[in-house]
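As written, the chains take the letters A, B, C and D, and residue 1 is the first residue of each chain.
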Amino acid sequence: MNGIHDLGGMTCFGPVEAEPDEPVFHSDWERRVFAINVAAGAAVGPLDYRRHGIERMPPDIYVRSSYYEKWLARMELLVAETGMLDHPPKQPAQSPDEFESIVYAGRPANRDDARAAPHFAVGDRVRALNLNPTGHTRLPRYVRGRVGQIHRLHGTHVFPDTNAHGQGESPQPLYNVRFAATELWGPAASARDSLYIDLWEDYLEPCESR
Amino acid sequence: MSTHDAPPNPYLAPRRTADESRELEARVAKLERALTDRGIVTRETLDRVVDLYEHDIGPMNGARVVAHAWCDPEFRARLLDDATAAIAELGYSGLQGEHMVAVENTSDVHNVVVCTLCSCYPWPVLGLPPTWYKSPAYRSRVVIDPRGVLADFGLTIPDDVEIRVWDSSAEIRYLVLPEPPANADSMDEEALAALVTRDAMIGVAKVAAG
Amino acid sequence: MNGIHDLGGMTCFGPVEAEPDEPVFHSDWERRVFAINVAAGAAVGPLDYRRHGIERMPPDIYVRSSYYEKWLARMELLVAETGMLDHPPKQPAQSPDEFESIVYAGRPANRDDARAAPHFAVGDRVRALNLNPTGHTRLPRYVRGRVGQIHRLHGTHVFPDTNAHGQGESPQPLYNVRFAATELWGPAASARDSLYIDLWEDYLEPCESR
Amino acid sequence: MSTHDAPPNPYLAPRRTADESRELEARVAKLERALTDRGIVTRETLDRVVDLYEHDIGPMNGARVVAHAWCDPEFRARLLDDATAAIAELGYSGLQGEHMVAVENTSDVHNVVVCTLCSCYPWPVLGLPPTWYKSPAYRSRVVIDPRGVLADFGLTIPDDVEIRVWDSSAEIRYLVLPEPPANADSMDEEALAALVTRDAMIGVAKVAAG
């Protein structure tokens, strides 16, 4: 979905304003929303499904909501959509210690057992495909159709475009790709600057010459 | 690129009314009750999550990583080669830091990190992101106008320094290794860590001399 | 400015919903706002300046405002910005009949006395430049960098990018350019369909081959 | 392209509260008073503008153009060659119709008109645009998914018919010349004109048999 969340390249939001000595949370409801999303998130569904839950917010509400308001709205939507309240889990909830061990262990997104031979090598020129899927994707509009260069291989990672929609993890090679700022933004951009972004193999095609 | 047309940031100005805050609190309480009543998560686990991210997991962790890299060239080399493993040596790991990459600022290169599609951020080393990092203003503009955004933070990058913007589109999380302050040689690791700010590890500030 | 008004290609606004038997105006204040914009618009400034007045609205307000709310906000902004209330006109206001003659005569945007020899001919392949100006432009993001074909010459027209900013009309050739849907939206689009858009010469460069 | 992720259109649902409407009315009255007090425009001229666009300038004008083109092959040829001049023959001209182009629907080609950047529309022949034409839903999606948008209007275009979308990015205004209804030969020009709808002249409907 080409959504409002795909913000890269817009210049209409004014200057960035930092809050001096900002606290971790601004109110108690923010604390609870954060903790609910972190501790009950996996019970709702995969991270990619949960991200897409935010992307599906009506654009006017997305733009005027604070970060934790979005997290709240997403959780309300997905709890209803999954019907999870009607099918409570059979095993007991994790204890604080059990969950703390998950906080420190993390949930890696690489899948070494599904390791696929990468089609591209560091230094290869690639073009980001002009894909406009109706569902979740992590290919932002501002790189579509642009030519870059493979900077790094990250290994084999879960593919969000399928995983967000219950179509499996489809692990595939993940690359870091460098794009010249002038390639993305035209001749007025600095010829010295560049943008690095992580893109899955299905987002890329070889590009021999220009 | 100037931003003469940009309106003032509308995301900081309109504070919530008391009624709106009460409505948010009620929604959050209802969601928490629904999930805890059904045994999906416990209040004690939610309390623990808040406690962890409010007290144990924050930018002081990243600051120790940075200071250690400044003081130990071999650690610095390991950090730049495999940041996840190097950071784990100091005891930091977990959710939103499963796959770390460190990018080094030098006199020739300045790195800055963003997530244009949502607000991905390396929690184990930086804690939770500040509001400005999650704002449309930052997410949209830093990829197209990094020098202008850095200027919003009072940071002017000379034209002959290359800017690299890192858009965290996958599960890779980026930590900027800032340049050490001018008087770093006269300080020990703990004193250096106290100088390293969150903003310097995102790439919107430099580390000031102590 | 890459603003929220540049909507082409987004797919997050839901289905189009038509209002059966919609009246021309829904309330009397809409009648007055429309008439004020039409009859007092020229006193405020050129059409391109007035269009940019809407584009400069904060994005959250733009997205949630109705059409005539935008027209009202734009007029309030530009009346203040021009200071026109402090410098009332010396000649009397137009009579209803005088203004009615303007309604039926229109205000043509072609400038035959400035006729410039067009650089492109019907059938020429052209690429829309990847321009990202900070001010007003009528080159939408979705065609930037894409290759099309000149379909028609419209003559020599006022250039909005300068005219909106008090930099003169800079009349130049205006073309209608055809883009294949697959060029704009990738291989999933219909190979049969295409998009036609009016682009000024300064938006285009020749494209001999692909 | 389906739109399974699209939320319901948020722009029709939330009606204004009485307080909000009163606030809008007050703002408009204040603006009108400021402009009329200073002699920039008169109330009588504003009244005239409303009257013209509410009663004299509307889609009945375009319908007469279309019916005349169906009945007079030479006029049809002139309309397709120079629509501004041909439309002026029937007495229609003026603001937002200074530069007209007519595009003809056939059994092989279906045309549909949009303005993605604002809401440009051919006032002299169609009057003022309906709310849906000005909505983000229509402006954003018809360029990337014309078949889906036409389906929202109940219009299914066969795969073997070419769709041409016209984005009104300059001062050129587009009028769709629809296909005549099946029983056109049995009707006179006035009866045909009564069948031609606004939607058919935008390209989101066909003309039904009388």
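Everything below uses one rule, namely that a residue touches a chain if its C-beta (ideal position, glycine included) is under 8 Å from a C-beta of that chain, and two chains touch if they have at least 3 such contacts.
No experiment lies behind these values; they were computed from the predicted model shown.
> Check every other chain and keep only those touching both subunit B and subunit C; list them.
Expected: A.
> Go through A-B and A-D and name the pair with more C-beta contacts between its chains.
A-B
> Report the inter-centroid distance (CA atoms only) between subunit B and subunit D in whole Å.
One centre to the other, that is 49 Å.
> How many angstrom between the C-alpha centroids of subunit B and subunit A?
The answer is 16 Å.
> Centroid of subunit A to centroid of subunit D, CA atoms only: how many Å?
Centre separation, subunit A to subunit D: 40 Å.
> When the C-alpha atoms of subunit A and subunit C are each averaged to a single point, how far apart are the two points in Å?
The computed centroid separation for subunit A versus subunit C comes out at 34 Å.
> Residues of subunit D touching 2+ other chains?
Expected reply: 1, 3, 5-8, 10-11, 136, 144.
> Spell out, as numbers or ranges, the residues of subunit A touching 2 or more other chains.
As it turns out, subunit A has residues touching two or more other chains at 1-2, 9-14, 55, 58-60, 63-64, 132, 134, 184-185, 188-189.
> Check the chains against each other and report every pair that touches.
Here the touching chain pairs work out to A-B, A-C, A-D, B-C, C-D.
> Name, in rising order, each residue of subunit C that touches subunit A in their complex.
1-4, 9-14, 55, 58-60, 63-64, 129-132, 134, 141, 144-146, 184-189
> Under the definition above, what is the set of subunit C residues touching subunit D in their complex?
5-19, 22, 24-25, 27-29, 31-36, 38-40, 43, 51, 54, 63-64, 66-67, 69, 72, 75-76, 79, 84-85, 88-89, 92-96, 99-100, 102-110, 138-140, 142, 152, 154, 157-158, 160, 174, 176, 181, 184-185, 188-190, 192-200
> What residues on subunit B touch subunit C, complex-wise?
1-8, 10-11, 136, 144
> Can you check the complex and tell me which residues of subunit D touch subunit C?
Spelled out, the residues of subunit D in touch with subunit C are 1, 3, 5-12, 21, 24-25, 27-29, 31-32, 34-35, 38-42, 44-50, 52-54, 57-58, 93-99, 101, 116-119, 124, 127-128, 130-132, 134-147, 149, 152-153, 159-172, 199.
> Using the touch definition from the top, list the residues of subunit C that touch subunit B in their complex.
Subunit C reaches subunit B through residues 1-2, 52, 55-61, 132, 134-135.
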